[in-house]
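Order of writing sets the chain letters: A, B and C. Residues in each chain are counted from 1.
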Amino acid sequence: MTSLTAQNWPIAAAALPFPGTTANGESVTDAAPDEWASTLTEIADAGFDRLDVTDSWLRVGDLSEGRLDDFAAVAREAGVVPTSISAIRRSVIDHANGDENLAYSHRTLDAAALLGIETVSFGLHQALTVQQQAQLWFWTMDGHKDDPADWGLAVRRLSELGRHAGELGLIVSLEMYEDTFLGTADSAVRLVQDIGMDNVGLNPDIGNLVRLHRPIESWWDMVEKTLPYANFWHVKNYARDEDSARGEYFAVPAPMQHGLIDYRRAFRYAIEQGFQGVICVENYGGDGLSVCADNRDYLRRHVLPKREGYALGTSRVRQPRFEGGAS
Amino acid sequence: MTSLTAQNWPIAAAALPFPGTTANGESVTDAAPDEWASTLTEIADAGFDRLDVTDSWLRVGDLSEGRLDDFAAVAREAGVVPTSISAIRRSVIDHANGDENLAYSHRTLDAAALLGIETVSFGLHQALTVQQQAQLWFWTMDGHKDDPADWGLAVRRLSELGRHAGELGLIVSLEMYEDTFLGTADSAVRLVQDIGMDNVGLNPDIGNLVRLHRPIESWWDMVEKTLPYANFWHVKNYARDEDSARGEYFAVPAPMQHGLIDYRRAFRYAIEQGFQGVICVENYGGDGLSVCADNRDYLRRHVLPKREGYALGTSRVRQPRFEGGAS
Amino acid sequence: MTSLTAQNWPIAAAALPFPGTTANGESVTDAAPDEWASTLTEIADAGFDRLDVTDSWLRVGDLSEGRLDDFAAVAREAGVVPTSISAIRRSVIDHANGDENLAYSHRTLDAAALLGIETVSFGLHQALTVQQQAQLWFWTMDGHKDDPADWGLAVRRLSELGRHAGELGLIVSLEMYEDTFLGTADSAVRLVQDIGMDNVGLNPDIGNLVRLHRPIESWWDMVEKTLPYANFWHVKNYARDEDSARGEYFAVPAPMQHGLIDYRRAFRYAIEQGFQGVICVENYGGDGLSVCADNRDYLRRHVLPKREGYALGTSRVRQPRFEGGAS
């Protein structure tokens, strides 16, 4: 395997900007392939050749084999390769729905294998509260917090998913998210270490953390601690201001190039740590897809290595495999 | 008439970034055509072929016929077509100056007809208060509020303008603005319905509303309700954050692609509702003209339909007419 | 000498985004030329042909003649011309380190002359306080304030630097910064007038002032008053909001084209006042170098005069000399 470059590094558009229900109120998961095709074509028209199947849009874990074939077919026709799956708000330690979420997560791994998707991301964040849903930006209000008593359960269940993924030849990535066991750099690293499997790493989505209306960890400290364990990466950025004398915090979604996190520096470090994972570009609010497209262009133009032969470090976890010219 | 595409949809630069007085303190309306030419050339140099004659820059309603010919001549020479007029802060129900503003509005329609401008936008916002003028952004402080007792008067006077416009073959568009009868989606739609004329519709300038330092209507609800009645569109965007627990609101002007309002989604819906009106790109503060130019490029590249033959809905109001290749 | 145009106006990348210590913890000033080369190559790769040697990255005033030759050689090889020096937080009226800072400033002038750098910027801002260093953005908390009693000392010492610079054929530029004698437009102009030397002017870095969490001078007033005395220009921008009813202020770094300051208008005025100085593009936070590159492109595309022969005013201070085609 050769190392990835700006030209062929897999960059997937998050399906995050697309709602999970159609104009008719039908679930996208239950909709006809034509409905999927329309979104996939829009993503392709924005210049993407790869897609992250965010399950707020489409739950492949709930599709039959025949329907998975349909999905693969329309993706092929649209010209976008489903390259990763992000299952969100399906915590396996949810006190009410943990068992169900675990079963769903296993089905999602099976679907990934059928679709030829190597990278699957899970998180410990739970459903938004009613108060969160009433905000302009849900992250401006506190939501679910993991209970330290559930640490062992988290390790057991995520390990179970890791083993299943391993049998299928897949890697599992755990998404950082506030107030969960994946909510700080130290805790996230400890969780991955406690799981201790080569194919289970981190998705250091530090954009989730720099947007909060409260004091935050330094973005660079988070990068420094978590990137050695990263095997997938949700990237997005925010403009942020704080007035600590008044206890005020403000943050708005921003193009990756303009926000607080210096992704030029972060990626240089990531490569020194051996990162070769899928990059999933995200953006909340507004015309998310257009900003995602700009984020992709920014990465290819300014951030990713132009040529092979750069010094690539050795990651603490297994990286996905991409054949030369796959992108 | 064929439907508009990204290539020929009329996009006008707002003259909003240009002051109404020259460096010498003279009113632009009283200035020599050379003075107009310099602004029009700057707008053309920014890549625009169409202009919204915002009357905070130039009041064509106060020009003689000879001076209107001069204006048309310098615009032709500069290569920008005056395509719409936005008369602002000239409310016809202003208690002090309503009669005068009504007369001015009629003169503005006559001037539009002479200039071959089909679209004229009026509003019910009134002069900024002294307190508003003292702010960095005037919209961060409350200003004039319409009195419900004046609803009938508004309907009568705007209908009178609508009839005059109809006789001249023009359309009238009513600009949404906070705390006026055009300040909420429901009220704006009701006003247009009460007027009930085919050539009187809405200018859903929801950027005016998403920048306020107070709770706001959802931008999407406003789009959904008002676009069926839109016949002209001031578009601009803002990055916005709220901290509802502390009762804090912040908003700053942002390029259309980066702000809160998803214009990709809004235009798709607008077209489903039959919108084929002039788009007037605006931006407050900073280098407004350069941001307007970016806004135009964003619309043509990412938002407007690439090809004719798309499914165009039927608007509740008459749309302006553009010959193929007019742009 | 012919007047500068968009094509050849010298635009230098600030070295501000680069830290003063290497990954090994060594001072960049003490590091091997290879270390310098890596940063200079990154700057060149971002499309820059000129560099501002910001002394938070490298203190040329502390290099031996041999090391200065090494620096010149690696810059030549990387393809970036060191065009200005910005010495920051080295106030010559610092009560503790004023003598040392004065000696350092003299050495910096000598180094500039050896490197063929004509423009050297000094400021009166002092070291960040511990509280400032603990903020996300240091400027959200008050720092050092100049003591009016030191005005005479400031004039004397800066005049001494001005004389030395004059002997070397250099110009000195004084950077605006809050709460120093260069903290308001009036005070900055008065300081330059009191110094009264043709080769000592202002660096009207008004971005330093529009980001503060407190009431600010109007950016345009600052431009109007200071540009007649400008001989160098740190340019950067911020998105800013104020809620004066609540006494709240919010500012985040923004690309020059998107922020509060209208650089299109500011540069038109600057040229009317005879400005022909080096432009140093800056940006704090995030991927500063990429934003600096966008700032440069914005200036060349939208702001600077396209052709020679424009009306150039007469500056109150001497401008640097650039041969045609030097850039």
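We take it that contacts are C-beta pairs under 8 Å (C-beta built on N, C-alpha and C of every residue); 3 or more make two chains touch, one makes a residue touch a chain.
Nothing here was measured: the structure is a model prediction, and the numbers come from that model.
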Touch-based graph of the chains, sorted into line, ring, star, complete or other: complete
Chain B on chain C, rotation in degrees - Cα superposition, rounded to nearest 5: 120
Numbering shared by both copies at the chain C-chain A contact, with half separating same from different: different
Chain centre separation in whole Å, for chain C relative to chain A (CA means): 40
Residues of chain B whose C-beta touches two or more other chains: 239, 248, 250, 258
Touch list for chain C against partner chain A, complex: 46, 134-137, 140-141, 213, 239, 248-255, 258, 285-291, 293-294
Touching residues on chain B, where the partner in the complex is chain A: 237, 239-246, 248, 250, 256-265, 298, 302-303
